[in-house]
Each structure stands twice: as C-alpha cells, then as structure tokens.
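Right, I'll just put the structure down here and ask away after.
Chain nomenclature is as follows: A, B and C, assigned in order of appearance, with residue numbering initiated at 1 for each chain independently.
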Amino acid sequence: MTDAATNMRLKLPITCFILQIILIILFGAVVKYDHETDAKAWHNMTESGHSNYDNDFYYRYPSFQDVHVMIFVGFGFLMTFLQRYGFSSVGFNFVIAALALQWATLMQGFLHGLHGGKIEIGVESMINADFCTGSVLISFGAVLGKTSPVQLLIMAMFEVTLFAVNEFILLSALGAKDAGGSMTIHTFGAYFGLMVTRILYRPNLDKSKHKNSSVYHSDLFAMIGTLYLWMFWPSFNSAITAHGDDQHRTALNTYYSLAACTLSTYAMSSLTAHDGKLDMVHIQNAALAGGVAAGTAGEMMLTPFGSMIVGFLAGIISVLGFKYLSPILEEKLKIQDTCGVHNLHGMPGVLGAIVGAVTAALATRDIYGDGLKDVFPDVAKGDVEASFQGVRQAISLAVTLGIALLGGLIVGFILKLPVFGAPPDTLCFEDDVYWEVPGDEAGHEDQLTTVRTEESEKLNS
Amino acid sequence: MTDAATNMRLKLPITCFILQIILIILFGAVVKYDHETDAKAWHNMTESGHSNYDNDFYYRYPSFQDVHVMIFVGFGFLMTFLQRYGFSSVGFNFVIAALALQWATLMQGFLHGLHGGKIEIGVESMINADFCTGSVLISFGAVLGKTSPVQLLIMAMFEVTLFAVNEFILLSALGAKDAGGSMTIHTFGAYFGLMVTRILYRPNLDKSKHKNSSVYHSDLFAMIGTLYLWMFWPSFNSAITAHGDDQHRTALNTYYSLAACTLSTYAMSSLTAHDGKLDMVHIQNAALAGGVAAGTAGEMMLTPFGSMIVGFLAGIISVLGFKYLSPILEEKLKIQDTCGVHNLHGMPGVLGAIVGAVTAALATRDIYGDGLKDVFPDVAKGDVEASFQGVRQAISLAVTLGIALLGGLIVGFILKLPVFGAPPDTLCFEDDVYWEVPGDEAGHEDQLTTVRTEESEKLNS
Amino acid sequence: MTDAATNMRLKLPITCFILQIILIILFGAVVKYDHETDAKAWHNMTESGHSNYDNDFYYRYPSFQDVHVMIFVGFGFLMTFLQRYGFSSVGFNFVIAALALQWATLMQGFLHGLHGGKIEIGVESMINADFCTGSVLISFGAVLGKTSPVQLLIMAMFEVTLFAVNEFILLSALGAKDAGGSMTIHTFGAYFGLMVTRILYRPNLDKSKHKNSSVYHSDLFAMIGTLYLWMFWPSFNSAITAHGDDQHRTALNTYYSLAACTLSTYAMSSLTAHDGKLDMVHIQNAALAGGVAAGTAGEMMLTPFGSMIVGFLAGIISVLGFKYLSPILEEKLKIQDTCGVHNLHGMPGVLGAIVGAVTAALATRDIYGDGLKDVFPDVAKGDVEASFQGVRQAISLAVTLGIALLGGLIVGFILKLPVFGAPPDTLCFEDDVYWEVPGDEAGHEDQLTTVRTEESEKLNS
C-alpha cells in the first residue's frame, strides 16, 4: 500500500538523525545545569543556609510529572479516536513531543535569558519545554491524519521557534501573565494549526471519509486521553505559578472550572442531538474547555464562583463549535480541522485570554494583599495600573493571534512542498501508510473461518 | 432504538443546567478561598514566619492527584468490563463525579463548620469532595446498566447529602476515626447502592442477560481501572491523615494489605473454579478489597503484620462473596448488584470498620507515644479510654449501615418514579440507549465484506 | 482446552497460600516500622526539632507512586502486545509483583542491615522492593507466554533472593553506585531471564507461532505500558538518590536521554524496514532504552549533553538488536526471548553500566564540589580514587552478569521440573489455558449472525 512517494525509509531517518545530532551538538555547546541541578552549585547553596527542601524539585516535580502525562498520554490517546489511526496518533505524538521538548529547551532558554552565554536548565525549564510541546500537539490535532511524520517534525521545529518568540513578546516584552497558557499555548497552537491545515487544504479528502470516524473501542481509548487531560489540568495550570498560595489557588480554580464545564458539556451534547443522545466527540473534547479557559486567570483571584462561570461558558461554546461552527469552517473557509482544535483550544483559549484581561484589570491590593507582587509584580511595584495590566493582556491576545496565523501561513506553504511524503487523498486517516500494521483480532478471524467453513459445507451440500 | 421515554433531549440538559446554575449561585453566595489559597491571607501568614512549604498544598496535592485518578479513571474504567456499556461506564462516571464533587464541597463545608458564614476551601476540601464522590460511584456500580443519566444525577445529589450527614455524625458527633473511609465511603456507598438497586428490582432483567457480561478487550479496559485503584490506594487512605508519620504509615500499611490481598484473591479465584481457571471478575475486584479493609485502621499502629492479615482475609471474603453470596442475594433478596459492590466495598468495608474498632481499643500511649494525639486526640487528652474509642468506632459502623439502608430505601423510591427515562428491561447494559454509538472495527467490516463477496461469487457461480 | 497437567486448581492456591502465610509469619516476626512511620519514634524526633517536612515521605512518595505505576501498569501493559495473552500479561504481572515486593522487603531488609534484629521499613524500602520486583518482571518478559503462574511465582521467589544478594555485593561490598539500576535491575533481570528461557527452550514452539504476534488493539494497549514507563523513568532513576540536586539532576538527565533515544529509535525503525514503515515492536521497546542506559550515570554529573548521547546510542543499539540479533539468538543460541528483553534491558543495561564506570572514573571535586559526598562518598572521604570507583563499577557489571547467568541456569532447571503445569507447545501465548476467557465483541457476533442469516436465506432461496 506504500508507494515511493510515501516511503519514509530515507526521509524519516535522515530527518531524525540530522535534527537529533544538531540538538546534541547545541546542547553540548550551550546548555548547563542550573544552580539546583548542579552538584557544586547546589551544595554551595545548602552550605550557605538553604535546606534541600528549598530545591525547586520538591515544589514542581509532581506537577511536572502530571504535565508530562498530559503531553504523552493525554494528547496521544485523545487522538486515537480515529478507527485506523491509533498507531499514528500515539506514535507520531510521541516522536513529535520528544523532538519538540529538546528544541524548546534551546529556544526558550535562549530567549528567557542566558547565564554567562549558557542556557541553564532544571525542572522549571522542563515544564516550560513540555508546555511548548503541548502547543505543537494542538496543531497536530488540526492536521491529524493528513500529514507524514517528516512534515510533522518540520512543523514542530518551526512552531517551537515561533512559540518561543511569541511567549517572549507576551511575558517578557509586554509583561502579560499567562501561567496556564490560554494564549501562549492554546490560542497559539490552535490558530497556528488551523492556518496550516487551511494551506494544506485537500479538496478530495472525502475519498478517505469512511476512515475519518471512530469505532467503539477507539472511542474508549480516546477517553483515556480525555480523562488524563481533565484530571491533571489543575497541575498544568499551576505548574509554574509562584510557590505557596498561587499554585494552590490555581489548582483549585481549575478544578471547579472543569467540573462546571463537564456539566454544561453533557447538557449541550444532549440538547443539540435530535434524539438527545450524547456524542463522544463532545465529551472527549468540550469537557476539557474549562481547563483551557482557566489558563490565564487561574492564578488570579478569580474565585471559585468565577471559575465555575468560566468553565460553564467554555463547555457551551465548545459544544456549539463542534456542532455548528466546524462544518461551516470546513465548507466555507476550507479548514479541515480533524480534531476540532478550534472548539477545544481556539475559542476557549480566546475566552480564557479575555477572562484573564478582565480579571487583571480588576485586581486591587485590597484583594491580593502582599500576594499582588506574585501575580502582578508590575502593578505591585506601582509601575502600571491594574487597568493597564488588563490592556497588556488584551494586546497579548492580539499579538498571539497575529503571530499564530502568519506563522501558520508560512509554515503551511513550506509543508506543502511535495518532498515530505504526505499521504494521498485516498489514504488519509490510515496507519498502514507509515506503519507495519498487524491484523485484527485472532478470535474474529477464527470465527470468520468458521463462517467460511460452514458456508463451504452448505455450498457443497 | 430510542423511544420517547428514554429520550434525554430535554430531561438531561434541564437537569444539568438547573443543578449547575444552582451550584454556581450557591458557590457565589457562600464559598471562599481558605487561608492557604487566598493571596492576601497566605501572604499575611508568610510575613508572620510561615514558609511557602508550610502550605498544605505541598503535603497533600500529590495525594489528591492520585485520588483524583482513582475517581475518574479507576472507578470509570473498572466498570467498562461490560461489553456494550463502556461509554456509559466511563461517561456517566465522569458526569456524576463532576456534579458530586461540587455538591459535596457545599454539603461537607456546611457541616464541617462555617467561617464567618462562609465555606472555606483548599486542597483538603478537594480531597474530601473526591472522597464523597467515590461513595456515589460505588453506588453507581450497584445499579450499573439499569439507570438513566438523569436518575444517576438525582441519586448523586441525595447521596452526597446523606454522606455528609453520616460523615458529620461519625467524625464530629461520635468522634470516630475513618481516614480512608472503610465506613464513611465504602460501607456507606455499598449498602446505599444495594438498597437502591433492591428497590429498582427488575424481575425481567434476564431480557438483557446476554449483554451483562464482558468481552476480551472490555476486560482489559477494566484492568486499567483496577490497577489504578490498586496502585493509588495507599494515597487514598493517607490523603487526609495528619502530616508526618501518619501519612507515611498509612500508605505503608495499605501497600502491604493490598499485596497480601492480591495473593489470596488469585488463590481463591483458582480454587473456586472447577477447572482452576482464574476469573477476571475476581482479579478486577477482590484484589482491591485489601485497600477497603485498611481504610479505618490504616492510619493506626496496625503494623505491617496486621495489615497483611487484614488484606489476606479481605481477598478471601471478597472472592467467596462473588462466587457464592452474590447469586443468593440476587435470587433470594432480589438485589441485582451489577458490579458486585457488596463483595468489594460492602463486606470488606465492614471488615475494615471492625478492624478499626479493635485496633483503636488496643491503642496505648506506650505504642503511639506523643503520636497518640494525632490518631486519637480524645484518648490523648484523656477525655475517653481507648476501649471507649473502640466502642465509638463500632457504633459508627451501625450508624453508617442504618443511614445507608434507610437513605437507599427512600432514594430508591424517588428514582422509581417513571419520569427519569430509565431504560426498558430489554435495553439494559446497552450504550446505544443514551449514546451515539459508532460501528465496530473497520477491519472487520472489510473482512466481512470480503466474506460476503466471496459468498456472492460462490452463490453466483 | 485445559487438561489435568495445566489445571491450576490445586497448584496455584497451594502455592499462593503457603507463600503468603509464610510471608505474614515472617513479617510478624521480624518487620517493624522505621523511625519515620512509627508514631512514637517520629514524634520523638519532631519534639527534638525536626519538622514534619523532614519526613522522607515528602521527599520520596511522589517518586514511589510513579515507580509503582511503572511496575504494575508499565510492565503489565507493555506485555499485552500479544493478541491472546492480555489477561496473563497484566494478570500474572500483577500477582508476581504483589508477591515479589513482599519477599523483596524481607530479603533486602535482611541484607541491608537489621536494627536490633528487626527489619525497619518505610517509603525507601517500598521503593527498593518495587525496584527488585521490576527485575523479576523483566525476566517475566523473556519467558512470557511459555510458563504457568506457579512457575512464575517460584521464579520470583528465587530471583528476588538472588537480586538481593547481587545488590548487596554491588552496593555494600563493592561500594558501587547504581541508583537507577542499570546493573542491579536491568542487566540482572535481563540475563537471568534469558538464561531461564534458554533452559526452558521449546524446540516445537512454532506450533504456537500464529499467536506470538500482535493485533491492532493489543498494540495500542501495549503503548499504554510503554508511555507510562517512558514518562515516569525520570522518577524511577531519581527515586532513591540523595535529596536535593541529586534527585533533581537524575530526573533531568533521564528526561533528555529518553528524548534523544526516541528520535534515534524512530530513525532506526524506519531505516531497517525495506518499505520504511515503522515497527510497533521498536517503538514500544527501544524508545525506552534511554532510561535503562541512564540508570547508573543518571545521578552523576553526566551533563545533558552526555545524557543525550547515551540515549541516542541506546536507541540505535536496541533497534538493531530487535532486528538482527534476536533472530540469531533464537536460531543459534536457542534463546526464545518473547519480549526481546535483551534489546531493551540487556544491552542497554550493559551500556549504562559502562557509561557509569567511565563517568565515575572522571569524577573530580572540581566538578562535584561538596556534592561529591552524595554521589561518591568513598571518593569524597579520600578512601578511593575516582578511577578506582570506575573499576568498582566495572567489576560490579561482571559480578552481575555472573550471578544472573548462573542463577538463571539453576532456576531454569528447577522450573523445568514437570510439576508446575507449564502449557504445552500448542497452547503457548494463549490466555485460555489459565483464564476464563469471554468471547469477543458482541457487535461482531451480531454482524456474523447477520451474515449467517443472509447466507442461509440466499442458500435457501
């Protein structure tokens, strides 16, 4: 079923080897342990009074592991809903992520500031690298089933770079806050991916239409992804906030936002079906929108009440998007968004950015006390008014949309070059193009054999 | 396959929306951050000498995440063993839990004590809300396959309320200890659910009998649930015990109880089968009984030796229950207990309560040292004798059984009202009633098509 | 399909009960809480100035839980790739591990030093017990599909004992370092298992050949195991290193080693296939070799650069092993290595040991500062030169290989005794020998029924 064009035997190894060897050389040249992972540096600190417990490892490593599960199992299995694309969903997710987290370490390290010409790394940089990787995997969701692994690795390299630039502009240049990444991760990843899939538009994709759907067990595998994303989202949003009340509050806000979102998702899924039956696509995706929408404001004094309203709205918007907007986007705008990332990451990300801007604009010292310096350091220092912090947040959303769309446009055209082994229209959503695929259940074949035998007997009788 | 009675298009959205909007309003009115999630309050504490590490987040959040996984993946996938009920098992588990944890926050917060008329929340209340949710999911296991989502949401609201009342009586009024919830969670959830399923008795359930069993892959999905419950049970039992040795010891006791339980489960499963073959039902369920049975005494000085005896017995009792008691309960008492919660949560919960009472009665300052004030504060203060603490524990078991059975009776009758869209006897254990269900494996259909084609050719030849 | 020889009705229960009762008695006789799990002892410490946070529980419990997931879900599901051996893979993994961790507690406790004639246990001993269990599960991978549960339990008892002896020689007698167990866990488990499977060689195993392969969904289940092993390997390698920079650095090194390994695995998998298609066997296994190979040097100042080179090489070696070496081992050396543990644990373990020896030999106080005493205490004290520490490491590898091969030889012959109910050659890789196995998908049977009906109609027309 593989022809020369999609044969990866040279393309994939060359891409992987070259990229990995470049990464190793660059790591050798510019990366070093930070003061908490370096034996000498840390022991100098403990001798000057720090306890081992002050090591950021103990503050952040449990959150990191949850984020790591979201990236590899959460995103990976969420995309296994397609009937014949499970190997690619999990497997390409795996290799893209393994590449992206290395490149992200370099790009983010370079832009977040060098130390004596070196990038210093530790658990916080590992979380940030995973976050950046998450953004790439969102874009992967938009083009799922229609790209070769080489295209995906190339996309990852470009997208990580642009992600780091956008993140730098938002957090460092503009002074915006976005701990859980409503803007930097979700909005960016979604609109970048949507633009890429727009450029890669396939007018004859309906030739693979029968494979662009789920089967019973593939939907159950996808629920593994959904649930891990849902359960660990509180860790995601709180992973790099300030220590103490900030991590604690962010986890709590996200927890209630997701709970409310789940109820509104079930309600809307049933309401929008003519026979009132729940749709797995909504449950798998829209129930997560509450985590996306709490990404910016989660660390702020959003209150549980505010968090629940945000989650409630996010679930409604997301189901409506899947039901009514996605078909329009595909038909009118030629955006073939396989996983519906616009509904899970795009619109809820924008909602989260707006909620963040409003919540920031309403911040006062009366509400935050001395905690203001953790959440809004510039406001606490008196450099800016809270209302201006809100404006910064809003500008950040606009910048993110701009860079994502423009970046996606350019990268889309690069990926369109006919050298990367993209699958033909007839073989989209099909593992067999790039994977050795075994047969199906032995049991069934036995049964089928039985059927055949019985028939033969009947026919011969 | 859906008729008007089971059409959820109005019932489910209305139920979800009304309940969620009430919850949002109540959260707005009475819920606030506690002193560890509130920016101002926590920073007042750090300025008066507390370190960020004193924030309870760092003591409990890793345990919380494990508990969270047990609730959503553990319970959810454990129930996917049914061949055509995987969507409902995972999906209803999801929405019930998302509702229950919100309502539990309010009910438990109200009964555990208001602060200036407000409920204060943080990681400990989140764990408690998840615990209460666990109890509802146990009851869900008893009625699995025979109820509509609306019935389940209604049941959750009532059960959470009664759970909070029972928990208040046990822990606050009676002064019992039950950190891992042998009584409050497992015994309560099991007997409540058993009574509900008794009231909802379906004499003609055998019309759906062929669907009330597993298939090969559904049993593997269920093992995902089993293993996550098993692995994280040490976190469950230790999640809200006192800091330090208490959390540490509880996790250790539970670890060894579960290990011993697993061996006795395998032994009994093989021993009770005429051909010595292991039964997945036992492995999936009975191997967990050691965690249930260590729920009360786990935080006490039970010793590893004691923990292993408890686990060993729990496994034996549980397998015997599945093999010999469940059929009797169904035939004689008309209790149709789909998941056998009586064997996993009911009897082991009672065993755990008894072990807890005995262990408490044997407590001495010589054994516990100053740790006595963490585990048995009233005994440490000299308010009561250890033997009386044992009596308190025994009374607590009786109270729990009483409230669970009476509560289940009343709630069962409410759920019997013919307005909630329960499935007909012929369509129990069937996702298709409430879900859009896709076809099965594409590969197979292809093969079947092949079969059909071959046959046609043969027939036409 | 079960005959008398493989009937487990007496053998399995007797084995489980006797072993478990012996374990309980021994635990009662010699095991007690350590000073951090004992109420009195810990409270004596807190009163003399320790904070609850100093309790090792908070330093290690999150790592322990990750390790626990690797043991039960990681190893268990990794082996579900076989089409009809999922119950046994997950289920035997479960019971072996539950036994092994108890026995390991005793063996390791006995050899690591008694306290007043007692073994003291806490979270660190739990991690060590899980580590030892991991080694047994690696050996299980070599004999997968060809052994009865009784054989496996017997093997576990012997292997745990030998593991503890080898570990004692390496860490205590020789003074080697091996925090993540490249030698003690991976090399030992692999070569022990390979020798056992050599002794149990089945010349007629090709009678079960058609079952010794995967089907579509079994490969997806296996990816659950792979990903949990991959994600949590940083926790595995860092779980028992010294607090502070050591845990932090080890996790970081492992993270980058695995990322680089994943890229080289994908490259090699595609490169070695004539049509360039990726092979799930490689992805599921070789991508993990980077974690194995970082097991010894991970805690050292390997640098991210060094870690990536190690991971990169490990992936290449592992894929080459699967592709070219395993067939030779099977044909020439009669080693039937079901899971290819030689490629995932054997060769990468040896690589890791060598990397550890070299890195140790290069250690200087200039690089490690005062951290030298954590990683190489004997070097820091001036008892030995760094170069001699390297020699110690190399000797440790040789000792490990010797004990593993000799131990596997002896245990292999014990397991060959024809009393343990091993499956016949025709029924290897088949759950049905030891498990009640349900049918396959209901949906399919319905469809098949339809086919049959249609045919009957056609035939009758």
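In this text, a contact is a pair of C-beta atoms (placed from the backbone, for glycine too) under 8 Å apart; a residue touches a chain by one contact, two chains touch by 3 or more.
Since the structure is predicted, the reported quantities are computational estimates derived from the model, not experimental observations.
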- prompt: What is the Cα-based rotation angle between copies chain B and chain C, on a 0 to 180° scale and rounded to a multiple of 5?
  reply: 120
Task: Between chain A and chain B, two touching copies, which fits better, same or different residues at the interface, with half of the numbers shared as the threshold?
output: different
Message: Taking the mean of the C-alpha atoms as each chain's centre, how many Å separate chain A from chain B?
response: 31
- request: Could you tell me which residues belong to chain B and also touch two or more other chains?
  value: 53, 58, 62, 216-217, 224, 439-441, 443-444, 448, 451, 455, 459
Field: Complex contacts: residues of chain C adjacent to chain B
entry: 2, 7-13, 15-17, 19-20, 23-24, 27-28, 31-33, 36-44, 46-47, 52-53, 55-58, 61-62, 65, 68-69, 72-73, 76-77, 80, 86-87, 90-91, 94-95, 98-99, 101-102, 121-123, 126, 149, 216-217, 221, 224, 434-444, 447-448, 451, 454-455, 458-459
- prompt: What does chain A use to touch chain B in their complex?
  reply: 53, 58-59, 62, 66, 83-84, 210-211, 213-217, 219-220, 223-224, 227-228, 230-232, 234-235, 243-249, 251-252, 255-256, 258-260, 262-264, 266-268, 270-271, 273-280, 283, 287, 301, 303-305, 308-309, 312, 367-372, 374-375, 439-441, 443-445, 448, 451-452, 455, 459
